[in-house]
């Protein structure tokens, strides 16, 4: 059955279902109020819509099954797609993005690059933008107005796919591919590392942006442990990065002043547990640190530095470890996160963290002071504008 | 010659210039007093958020100063249909160079005020040890950005003349059409392409997207 | 158009005839579509700033920044002119009774005219280009301004190009005259020629124009019977003989005053015959 035929049949069925419901409901009007009836009709409509979407999905799968797979191969990366609609320009853009990704992955994973990148193909599918919108049935006209979405994803790994509007932005497609390869790379990571950085590894190395983000996080987090790390204490850096055992994170990571900041943040955002307002206000006013501690201990202690920062340690370990670093990372299955990172980098953990800290401090993002190139560009524009202005008499 | 051109431009713009300079000096302190010191406690994140938001003020001030200083002398000449300027015994390009340089010199006043104001503000605020104050960097960016906007306004006036307003409106019209196109027909390409080129080096608007923060990591 | 060095050249023409445009072209303020302009030996617009350094210009309307004071505009102006004479400027300021601290926007029309003349004269120009310099001034101020101008010309021997529609004023001070109409230079001659050279003739049994008139026929028209009234330029008494051949009879030669001459010149310039006559 064609897709449009199915759509018509489904719509007819939904109309009949709604009519039956309304008819059935009519007799019970005396017993049920209109609100309940409305709710039942909405529920029936949702069920019909779900069925409709499922049928469309089946049709799409069936249609795709009839089409032969096509693929773009760049290095060890395979981009697989079935759609007839992938335009030549999109294919070219995907090829270039794939080439760039492969180059970075080869550098990031060394000897393991081919094995990791070739393990799972990246699947490209396309759909209309309207399918992103819930209750798309009400906005079907949008599918005519909005462009196609090119989806980049991994088979059996939903939630990691990224959609792009044509014409494809190559840099963003490259980011998406690196993200997907990073997910593949994490498939064999030791359990301790999975807990430490999640299902993703920096397979393509680290860039300036990653280090800048880490620098900002380290400088801005409200935790005394991060400030101590910033000031030069490697043991405190390890603690801030979650690489040491911590018996009482509330006191080891945070100072009483930090507790007050945490409570104040909650209060400012209006997150107030019932019956705690007075205690929170007393804490924020600085009258009673015991209140602060009590309030902070009521919530889970979050790691001072976020997961992206921890990923920079992993990325650095892979970089410092050379071509075999990834293999050593996979081999260190039983160790703690600290052990895995030491094994990956081939360095002691203190040395690794020391190098990480140096990297972070030197990666302070561009501040307001104009860089030389920026200043030159501004002056050049100024001169161009002034020169052109002088060429014309009023 | 240049001194006299500078004097006249100063005389025409002195009231606004005084306002810009005073604003540039007082507002950094006011921003920090209201936003950062107004916070309940010492919070690095909150401080950066407040300072980043306040950065828009410096962009605004740069625009106002630059456009104000560029427009004043032009309007003075335009009111006389440029007859006096054209009757002076200097090549037109030389005269315009003096005009331009005089504006560039006058822009130094609010720039110094930005430096002193931001310096005073950051000295009197409790800057966390992991952050730094950048009053000089802010002043340099302010001056270069204002100079660029000043030059662009200068160009627009002397090239488009009486049509300058129409040119600006036409540019806004193009932006609106691109925006509508991107909203309703998915033609994001032109808009994104243009914006990307304007706001990334060596684009002329790159400076607007920079971190205009007197306190930063 | 040629302005002889050392002359006082009156530039006549009705309002809108193109006098101001011509002066602005001469001073390089407007781009010329065609032709060549040389002022004080400098090509315009290429070397116009060199010519402007030796030129005093008084435009039709006040062209000075209104927020500056008299003293400030004098200082400003002086900075651009290498030959600016401070003492002379101060002397003129006092002579014109201008207060140094007076803002230009508060000057009366007469004071504005004096200030512009002061600025035009204080840098010892070789050429003065004056566009309706006394227009709208009361007689006392007009006399002051013209006296200052004439004194300067007498002392310095400068060339003056003065545009005006006040013909009698031009008659007093100019030794050359050019007449502009509809954007064209209609006539250009010494003032003496202009003053005495245009006559109205009453001719009986007027001859046919065979192109051999010894004068320039500006216009002709029938009056009564076979009598015609002619307006001619370049008239000399000896030309009476021309009418003594054939049946024609010159009954009367009437002198025109400057204003009438000017009007006749313009009238003739606006007819095809007049244009042809001018071109001949």
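Which chain is which? They are A, B and C, in the order written, and residues in each are numbered from 1.
Please note the rule applied: a contact is a pair of C-beta atoms (placed from the backbone, for glycine too) under 8 Å apart; a residue touches a chain by one contact, two chains touch by 3 or more.
Because the structure is predicted, anything quoted here is derived from the model rather than measured.
*Asks:* Where is the C-beta contact count highest, in terms of which two chains?
*Replies:* Highest contact count belongs to chains A-B.
*Asks:* If you average all the Cα positions, which chain's own average lands nearest?
*Replies:* B
*Asks:* Compute the distance, rounded to whole Å, between the mean C-alpha positions of chain B and chain C.
*Replies:* 50
*Asks:* Using the average of all C-alpha atoms in each chain as its centre, how far is it in Å between chain A and chain B?
*Replies:* Chain centroid spacing, chain A to chain B, equals 36 Å.
*Asks:* If you average the Cα atoms of chain A and of chain C to get two centres, how far apart are those centres in Å?
*Replies:* Once rounded, the distance between the two centres reads 83 Å.
*Asks:* Which residues belonging to chain A are in contact with no fewer than two other chains?
*Replies:* Answer for chain A, listing residues that touch two or more other chains: 393.
*Asks:* Indicate the residues of chain B shared as contacts by at least two other chains.
*Replies:* In chain B, residues 82, 86 touch at least two other chains, as defined above.
*Asks:* Going by the contact rule at the top, pick out the chain B residues touching chain A in the complex.
*Replies:* Residues 40-46, 48, 55, 77-78, 81-82, 86, 92-93, 96-97, 100, 128-132, 134, 136-138, 140-141, 144-145, 147-148, 150-152, 154-155, 157-159, 161, 184-186, 188-189, 192, 201-204, 206-207, 210-214, 216-217 of chain B touch chain A in their complex.
*Asks:* Across the complex, what residues on chain A touch chain B?
*Replies:* Touching chain B from chain A are residues 129, 145-147, 165, 167, 169, 215-216, 218-222, 226-227, 230-231, 257, 260-261, 264-265, 267-268, 284, 286, 364-370, 373-375, 377-386, 388-394.
*Asks:* Using the touch definition up top, name the residues of chain C that touch chain B in the complex.
*Replies:* 24, 27-29, 49-53, 55, 57, 59, 63-68, 72, 75-76, 79-81
*Asks:* Show me the residue ranges of chain B that touch chain C in the complex, using the header's touch definition.
*Replies:* 1, 3-4, 7-8, 11-12, 76, 79-80, 82-84, 86-91
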